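One chain, chain A, appears in both complexes that follow, with chain B as partner in the first and chain C in the second.
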Partner chain A sequence: MMKQAPERLTALLDECKTLAFDLNFTYAKQWKSKSKYRLLVGYLPIYVPREIIHAANGMPVGIIGVGDRKQIIKGDAYYQSYICHLPRGIIEMVLDTNLDTFDGFLFPSICDCVRNLSGMFKLAKKGKFSRYFDYPQNFEKHIGGTFYRELIETVIHDMFLINDMKITTQHLNDSIALYNRNRELIEMIYNIRQEFPWRLSAVDTYHIIRAGMVINVEKHNEILEEIVALIDNDFGEPMDNIRVVISGSFCEQPPIGMIKSIEMAGCYIVDDDFMLGSRWINGGINNTSADPLNEIVNSFLTQSAPSSAIYDVGNPKSARLVSQVRNRKADGVIFCAASFCDPALLDRPDLQKGCDDAGIAHINFQFHENTGQFKVIKEQAGTFSDSIKLWV
Partner chain B sequence: MSEVVYTMGIDVGSNFIKLVLMEYSDNPKLIDKHTEKIRKRNPTQVADEMVQIMLDKNKLNYEDVVYLASTGEGDLVKRKRGHFYGMTTHSRGAHFFYPEARTVVDLGALYVRCIRINEGARVEDYKMTGQCASGSGQFLENISRYLGLSIEEVGEVSLQATNPEISSGICAVLAETDVINMVSRGIRTPDIIKGIHLSIASRVIKLLGSLKAESPIILTGGMALNKGMIQAIDETLKEGNKKFVIHAHPDSIYAGAIGAAIWGGYRHFRLLEKEKQAVVA
Partner chain C sequence: MSNPKEAIKEKSMVIQKEMLANLFTELSNAKENGKKVVYTFVPGNLTELILAMDMLPVYPEINALQSGMRKKSGSYIKDAEKMGFSEDVCTYVKCDIGMMLNGNIGPTGEKLPDPDLLLLSYTGCFTFLKWFENLERLYPGVEIAMLHTPYQEDGVITEEQITYMVKQLKEDVIPKMEKVAGKKLDYDRLGKMLDNAAKAEDLWVKVLDTAKNRPSPIDSYFAGVYYMGPLNTAFRGTEEAVSYYEELLKEVTDRMNLGLCPVTPEGEMKEEKFRLVVEGPPNWTNFREFWKIFYDMGAVIVASTYTKVGGLYDQGFRHESGKPLESLAKYCMGCYTNLNLPQRVDLIEHYIKEFKADGFLINSIKSCNSFSAGQLLMMREVEQRCGIPVGFIESDLVDPRYFSYANIKNRLESYFQMLGQRKTILEQEEVNA
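Now for the complex of A and B:
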């Protein structure tokens, strides 16, 4: 008889599911309401150094779209039809009350849409600061590193002006330690799923990671610790599915129905770039340094995950994708980018060529975060799965 | 392979669940088959009960079956080893009935799908009806119910048509309105039914044309045994001067389940082979 998933796991997954799609950020707002010195800093995909916000007595809150959970009425008026869906939903939240009580917003440099969005936030006078986070594309420490450090210091100053909290070395090292543990636990979940993907579905994993973007890291770590312990035990039954890596969904998030459809079509998703910001830094950051800010800067320069948002001379993304497929023992890649996502779609041909050269099977499709019909995607994923199972 | 290798295939459709037990070999044999209408029951439970009944009937345990494969709405089947997509399984099922098959037309409850296959039953290309239900078995069943017929009767009734009235082939809502108008105009039931068959047939022929289909064509799915449907396809093909040989096997409703069971067996031995290679490496 198949061993059932533990009840405690089901309860934790339900909790994460509720948290993940709370577009009113209730948990974060309640957390802030407990002290006037607490800050809420919203950030857009993909990555921000959350440690600095945490060290400044703040909670970094991921604003990664509304999915299919919010009707877009006003947002469509702000963007042309050839722009992706993500900023429309976020503007809708800005114009409604979803982002009230946030103190500031960070817009990592991904594409022009996000750059424009940062301007719209300023015009809408949301929060006390809105800062476009223009990441260095030069990875020389004395050039890109210096630039990046100044950028981070500007944000630290923005936060200081609000709550008068000075970040100490100890504060920042403690925050780094917490986020190191967070990344480590997430990696442990992915590693367990690599071996036993039937124990935790890709949708459940998605909810767990997304929940972490709207709660404090301490609480998320508690949840992750419990989940890792629970899924380390044997339950469920393996299916004869293929194993795939999903690439291209790092910014606008795919609808849950789409992730479910891919799994139902016979594909175990053993790795992905959903909510890549949570896993951006590969490995830990030194948390015993006398200059922890320098450690954060260096981690970006030397430990960043491959992404369409950064330059890759000397470390080609296609080669890193191939390594990821090999390490995860995946059978193929599903290129799954949001419609009109320039960074993902411009990178795709090169990534596909890398897969072709390495003999890795792949398919591709596009989505909107509010796509409601998955018939075609299910068909493509289903036939991809069958072709690998029977003929590759 | 000296011992008997059992595989099962279960095809969960929107109205019916089809289950087969097969003896897998290079020349697979159909041992047992069963169809169950879901009605308003829980499909997961119905599927599970069907599997258990078939195992008991054949004095087998679940562990004696090397691969139970689902197809169709396979996520509703909890006890299984793997899932194959409908197109892959219908193609293999059609090939099981007619090894010379080059085109498969799956006349399902929710859509019609035309599939071009190679000599090994591998899908080469396909075309299918879009979102609208007007080219589907479910639509035909709804209309027959409005007209007081059971789905089993529509084929025979259609053959009695003398002056068929064509309904909309694009939209189920328009087609239903057409049928209401036909009834109020006193059009005979056989002529209405034949008109619907012709409308579906014309959609099938268009799909076959865009697919560059090759003969012979094998009909599978729930509507494949509907004599009226076969006649309508035949007539429409002749009208268009298209020379295709069409086959519909008496067990064509099981094509998906049979295909799943056969691919399951194939996959079982493929996995064994991979395991052996891994041990050697």
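Now for the complex of A and C:
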């Protein structure tokens, strides 16, 4: 008889599910309300060094769209039909006061839509600071590294002006340690899922990681520790599914129904780039340094995950995707990008070619975060799964 | 729709046509003559550096827009889409890749040479980065240099940003250029070119300023895209460009002194009824029909943001030979699409007031998020601050599928009607006062 998932796991998953899509950011706002020195700093996809916000007595809060959980009415009036869906939801949240208690906002350099959204926040005078976070695209330590450090120092100063808290070496090292553990635990979940994907569905995994973007890292680590321990035990039953890697969903997030449909169609998602920012730094960052900021800078220059937001000449993403597929022992890739997402869609032909050259099967489709019909996607994913099972 | 006749051209346009024809001939013979070819972008271009090392620049956006004007872009785009590029992405990229797939034939019918260097001046447009990543794979083994231009996110250019750019130029970009060119950069020569650039920039600003006159002797958008050509592309820094702008200024000043309206492809406009400021690039596939809608209604564009993608000289920037690399860095960071949204709104407000515009119009381009994302908020801001009628139309750069003539014409006619009514009311109020 099939062993059932532990009750405690079910309870934790329910908690994560509620947290993940709380677009009022209730937990974060309650956390902030406990001290006038606490900060809430919202950040958009993909990556910001959350350690610096944490060390400044702040909570970094991921603002990664409203999905299909909020009807967009006013936001649509700010965007033409050919702009992706993500910023509409964010503007809707701005106008509906969801983001009112936030102190600042960071807009990582990922595309021109997010870049210009930073200007819209400035025009709307939203937050005590809103800053376009212009990652260096030069990866030499003394060139791009110096520039990046100055950028981070500017954000640290922005936060200092609000709460008068000076970040010490110890603070920053402690924060690095917490986020190291966070990334390590997330990686452990992915590793367990790689071998036993039936123990935790892709949707549950999604909720767990997304919940971590709206709560403090200490609490998220507690949840992750428990979940890792629970899923390390045997339960559930494997299905005759293929194993896929999802690529292209790093910014606007696919609706939950779509992730579910892919798995129900016979595809275990063994790796993905949903919420890539939480997994951006590969491996740990030195947390015993006398200059921890330098460690954060170096980690960006040398340990960043492959991403469409990063200039990749010399380290092509297609080769890195092929390695990812091999390492995860996946059968294929599903290219799944948001409509009108220039970074993902302009990378797609080369990534597909990389898969073709390596003999890796792939399919692709596009979505909006509020796509409501999954029949076609389910059929496409199902056919993909069947064709691999039958022919590969 | 009108049946396009042979366009009437000003003398400066004829000169420019010759300059371009010579360039394309030189490009087609580049390999035989041992000339190295550099592919690069218009915003934040480093033309003086390229020319100072005796290399020849090719601008993929210019190729794409010329393909659009020659009605070839539609099939190029479809070819790129067959290769896997989504319908949703930038059509300049797809047109360029499609053109390459079809033999890379330039506007004069001659084949463009393959690049010896891909010089990615990553300024004001994220897609540039993706574009050149793709080109690098299509031209395997070719040298590639990348200059990251920081965005003016805070509305200022900082010393740290300048240092970052100068370091990239000194330690990465210039050494790669020197390697490809097979020679060291001659800073004296570069300095002379920057001095020439500044002379041409002075003249260009004087040309733009003539639009403050009533009637304006130029159309700063439809004709402006021709006028800006030599400065934004392969000729900035040359004596030739200075001569071109001298001629252009003379021509425009003569027109202004005679109280003439702009020259259009169908001859001189008879009356200036409306003065507009326009934001966003034009549509290239139906450029003449698009322009005709305006001049048929007596609408003149007195200032435009698109003509500032290659540099905001009218706001005071000049290339300087004293600190050449710092000057190039400031130039790159000062291009229009590298400004943040509040800066863009301020600039538009300034244009509306300075050029005494009757209206503000946005041509929102499907392909260009750098321009388009946020334009609807910009429009509201401008309307609030300036209290003039604003209009909004949509088209694309080079994808003919996204140019709906009837739709655009209807919208513009309604807009001009609104401008006309407002003008009548204002005139009446003035009489009553």
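By definition in this document, the second predicted complex is superposed on the first by the 392 of 392 C-alpha atoms of A that agree within 3 Å, B and C clash if a C-alpha of one lies under 4 Å from a C-alpha of the other, contacts with A are read in each partner's own complex, and residues count from 1 in each chain.
FYI, a contact is a pair of C-beta atoms (placed from the backbone, for glycine too) under 8 Å apart; a residue touches a chain by one contact, two chains touch by 3 or more.
All values derive from a computational prediction rather than experimental measurement.
K.L.:
With the two complexes overlaid on their shared chain, look at chain A and say whether chain B and chain C clash or fit.
P.N.:
Aligned through their shared chain, the two binders fit side by side on chain A.
K.L.:
Examine A:E140 and indicate which partner it touches, taking first as chain B and second as chain C; both and neither are also allowed.
P.N.:
After superposing on A, A:E140 lies in contact with chain C but is clear of chain B.
K.L.:
Regarding the shared-chain residue A:N294, is it in contact with chain B (first), chain C (second), both, or neither?
P.N.:
After superposing on A, A:N294 lies clear of both chain B and chain C.
K.L.:
Taking the C-alpha centre of chain A as the vertex, compute the angle to the C-alpha centres of chain B and chain C, in steps of 10 degrees.
P.N.:
100
K.L.:
In the overlaid three-chain picture, which partner chain does A:S118 touch, first (chain B) or second (chain C), both, or neither?
P.N.:
Second partner only, chain C.
K.L.:
Which touches a greater number of chain A residues, chain B or chain C?
P.N.:
Here the partner covering more residues of chain A is C.
K.L.:
Just chain B (first), just chain C (second), both, or neither: which does A:G266 touch?
P.N.:
Only chain B is touched by A:G266; chain C is not.
K.L.:
Just chain B (first), just chain C (second), both, or neither: which does A:G382 touch?
P.N.:
It touches chain B, and chain C stays clear.
K.L.:
Please work out whether A:M239 is in contact with chain B alone, chain C alone, both, or neither, and reply first, second, both or neither.
P.N.:
first
K.L.:
May I ask you to decide whether A:Y311 touches chain B, chain C, both, or neither, giving the answer as first, second, both or neither?
P.N.:
A:Y311 contacts chain C only, not chain B.
K.L.:
After superposing the two complexes, find the smallest distance in angstrom between C-alpha atoms of chain B and C-alpha atoms of chain C.
P.N.:
Between chain B and chain C, the minimum C-alpha distance equals 19 Å.
K.L.:
Which parts of chain A are in contact with chain B and also with chain C?
P.N.:
Residues common to the chain A contacts of chain C and of chain B do not exist here, since the sets are disjoint.
K.L.:
For chain A, which residues count as touching chain B in their complex?
P.N.:
Residues 2, 239-241, 264-266, 373, 379, 382-383, 385-386, 389-391.
K.L.:
Okay, in this complex, where on chain A does chain C touch?
P.N.:
Per the stated touch rule, the residues are 77-80, 82-83, 87, 109-113, 115-120, 122-124, 131-132, 134, 136-138, 140, 142-144, 146-147, 150, 308, 311-313, 316, 337, 339-343, 345-350, 352-353, 366.
K.L.:
Quick check: in the complex, which residue numbers of chain C touch chain A?
P.N.:
Per the stated touch rule, the residues are 83-86, 88-90, 93, 122, 125-127, 129-134, 136-137, 144, 146, 148, 150-151, 153-154, 160-161, 163-164, 167-168, 171-172, 340-342, 344-345, 364, 366, 369-370, 372-378, 381, 394.
K.L.:
Where on chain B is chain A touching in the complex?
P.N.:
67, 74-75, 78-88, 122-123, 131, 263, 266-267, 270-271
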